[in-house]
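By letter and in written order, the chains are A, B and C; residue numbering begins at 1 in each of them.
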Amino acid sequence: MGFKNILILVGLSLLVVVTQQVTQWTDTTFYLTQLTMAAYYSIVIIGLCLVMGYAGQISLGHAGFFGIGGYVSAALTTHNFAQYPDNPVIMSLQKVGLLVAGQDLYGGDLLTFGPWTAFLAAIGLTVLIAFAIGIPVLKLKGHYLAMATLGFGTIIYRIALASAFFGEADGISGVPGFPLFSGLEISGSFSARVANYYIAWGILLIGLILLLNLIRSRVGRALRAIHASEEAAEAMGVNAARYKLYTFVISAVFAAVAGIFLTHYNGGIGPSEAGIMKSVRYVALVAIGGMASVWGTLTLGTLLNFMSLRGMFGSYDDAFFGLILIVIMLFAPNGIFRLHLWQRLRAPFGKSSPGSTEDES
Amino acid sequence: MSLELFTQYLFAGITYGIIYAIVAIGFNIIYNTTGIINFAQGEFVMLGGMLAISLNRVMPMPVAIFFAVLVTMVIGALIEICFIRWLKSPSVLRMIIITIGLSILIREAALHVWGDSVRALPYFIGNEITSVSLFGTKISPQVLWVIGTCSIVVVFLSLFFKFTSLGQEMRACSANRTAATLCGINTKNMVTLSFMLSAGIGALAGCVVSPITYTEYDSGTGLAIKGFTVAIIGGLGNSIGAVAGGLVLGIIEAFSISLVPLAFQDAIAISILLIILFVRPHGLFGSSEAARLKDF
Amino acid sequence: MALLDIQLLSKSFGGLQAVGEVSFSVPQGAIKAVIGPNGAGKTTLFNLITGNLRSDSGKVLFQERPIQNMPSHKIAALGLSRTFQNIKMFHGMTALENVMVGRHTMSRAGFWGGMLNLPWARREEKEIRAKSLELLERLGIEKLADNDAASLAFGQQRAVELARALASEPTVLLLDEPAAGLNIYETAELARLICTIRDMGITIVLVEHDMSLVMDISDDIVVLSFGQKIAEGTPTEIQGNKEVIQVYLGDDSDA
């Protein structure tokens, strides 16, 4: 894992706990809601950071994967399959226990998928679509790639907006909580606010650990090699196309997981979650943090998302992220932590110890 | 399908198609001179329409349109000068992100200036129920304005690039920038000019099509995607191909109304885009060298 | 048995024939040089062998297996390693990390092993690092291990690239103008190095302009001109070959 990373992870965990305690003392526990949401969005961002910073691909459609995760999970856990009593598939699913019986608000029969089943279905679908899209798309370069991912994201948005199954413009609401283990449940219920805060950050932490491990591993090194010189990497035996594809799929899964859990937390999802503006926002946050810097992306991403969620940018929200995007790309294309003045500050502290493969992670 | 219905769909297809083609040509002009895809291209169309609508309140329509186009051209030039000009060999990724950011800013600015209401320029002749009989069907004269204006623009551009020295200088710039500089051509100004030109034709298209399609602050995005699709179909940089591609897409879209629910309309253009990108990225009329992107 | 067999390999770019029906073979344990004036098609030939370019026709047989038009990462996995004319160093990574990438075909840890930091993957990482460090020591540049590869001096970069190519324990090593930009002393050192590599059992094919190096260490030489093979033989034979001399120095009668 690397000493530096462990240190930062511990520091991050402490920060999470301290923040929660602070909100308790200052009677601002309502901040926890936005902090929880920000954590989930950050899962998307760190996954995208892998694709953009390490595999060097742009994806303007990642909100689409978030949408697939969220919508499929929401639809499966709210749609009443009791409407189709004679359907053999429905009946066999019920027998196997995947479909769960319950009661709706009016005491009528309700037949829906259990949250874990829906979760697996959503992830499975995401993986399939990510592979299906990834294989042709990743052969493209530059503008073509950007447009293809933009197109993909827009199609998902359109499907969400147009299908009755996905609630059209209103989206899906009334999504039940997501039970984890020993009584813990991901839901928006008031009493579970603190627990949910820790759950969200816990999941983010797990994602971080997986990602950091990957970056430091043989695969991570191969990805950086691909980014530096694809031709030379291939000459060393690295199957660039396959690695780029797997990276893309992994980041899609991260986005989908975030989508699923956030939907259960919020109790619903709407088409804007899968829209272009959200995709652009994710790209902006990765760019501002420095595309190959997971920590930079995480801190700034969480901070900015939190501010945005609290409405600090008012009606200029989208404009603000558009502006960030431009400013960063013009003045600090490697993220604000790689600006030259930072280099000069770091210089006196010297390089890391010999023989280590420590790099900006 | 009756002949009348067929002809109506056809005209609808041609109308929208030629607008897409103008947007695509706008993409091509900037791409040819700089290698950049200007994601804010759709916003030029929107700005043209919006500005004309506002100006039309205080001046007669032809004058309003003239100034709308002029102001949009100035905006195009400003964008180039402020954001693009002083970048030294930026990566493709960076350029994409910058123009996306610009498109967002322009859109949000439009939102704050004009609100989110839907507006339209009045019809040039008559109103929305005036019609002219043509080929056995009734169509609005505005359609003829759109087709006519856009065709004139296409012809003007071809003549401009072929016969005027300025046009030839721009072509030199797109073929080989270094060589053009060595010939004494001020390539920096050519880039600015290309932005102005793209902005101008986009704005004009926006004005002329506004009575039919209405204009609102976010009309730009959808147009940009379709314009890009058309540019790709025709082969990036190939403006004749863009016209053909535009007509193809417009007509496919128009006739698909009878098959596909309205809500999925946009998905058609995007699906075509994805298919072309996957199967034949150099488009129907481009060469495979066109698929290798130019450098800035 | 020829380890590497090139048969009637051809490649054209538009109307220009860069490589025209070139054939030659490389026996195991040999040092074979490919020479020719600029534009003769030497690097194109290399790119055809290593899969960086698709050939129009012809065969490349490695251990009697056809490998023409295979993707380059597969060819690398089979045991052919190469260096590049304009050193493609992985910038943003240290010299050691560059060599560790070279070890890619000798290791297995994939996405799951990496993400979950499995014990066997960790062990493999240690081994990769150790072997890579060893290679850097062998080439005398272990002190540069943690330096940013792109900031190294040119000669040092060449050494790192060589280490990187050797990390995959190749059967055949293709060197594309390894002496380019080196002075006399560095070139002599390079010659020693190449012979050491040959003594390790690795067969070597090199493209080179530096005649002293070529004549010094090659067992066999192939001469290309305008994409055609015009001569093949031992250094002495080539030195005496009239056509070769003509191609390099021009024809007196044209003056």
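In this text, a residue touches a chain if its C-beta (ideal position, glycine included) is under 8 Å from a C-beta of that chain, and two chains touch if they have at least 3 such contacts.
Since the model is a prediction, treat every value here as computed from it, not as a measurement.
J.: Which other chains touch chain B while also touching chain C?
T.: A chain counts here if it touches both chain B and chain C, which gives A.
J.: Taking all protein C-alpha atoms shown, work out their mean, then name the chain whose own C-alpha mean is nearest to it.
T.: Nearest to the common C-alpha centre lies chain A.
J.: Suppose chain centres are the mean of their C-alpha atoms. Which chain sits farthest from chain B?
T.: C
J.: How many angstrom between the C-alpha centroids of chain C and chain B?
T.: Whole-Å distance between the two chain centres: 50.
J.: Roughly how many whole angstrom separate the Cα centroids of chain A and chain B?
T.: Chain centroid spacing, chain A to chain B, equals 34 Å.
J.: Using mean CA coordinates as chain centres, what's the gap between chain A and chain C in Å?
T.: 43
J.: Which residues of chain C are in contact with two or more other chains?
T.: Expected reply: no residues.
J.: State the interface residues of chain A toward chain B in the complex, per the touch definition above.
T.: Per the touch definition, chain A meets chain B at residues 56, 58, 60, 136-137, 139-144, 146-148, 150-152, 154-155, 158-159, 161-162, 276-277, 280, 283-284, 287, 315-316, 318-319, 321-326, 329-330, 333.
J.: Under the stated contact criterion, what part of chain A meets chain C in this complex?
T.: The contact residues of chain A facing chain C are 1, 210-211, 213-214, 216-222, 224-225, 227-229, 231-240, 246, 250, 292, 351-352, 354-357, 359.
J.: In their shared complex, at which residues does chain B touch chain A?
T.: 37, 83, 87, 90-94, 96-98, 100-105, 107-109, 112, 221, 225, 228, 232, 261, 263-264, 266-267, 270-271, 273-274, 277-278, 281, 291, 293
J.: Per the contact definition, I'd like the list of chain C residues that touch chain A in the complex.
T.: It comes out as residues 50-52, 71-73, 76-77, 81-82, 84, 88-94, 96-97, 100-102, 104-105, 107, 109-111, 113-117, 121, 124-125, 128-129, 133, 145-146, 164, 168.
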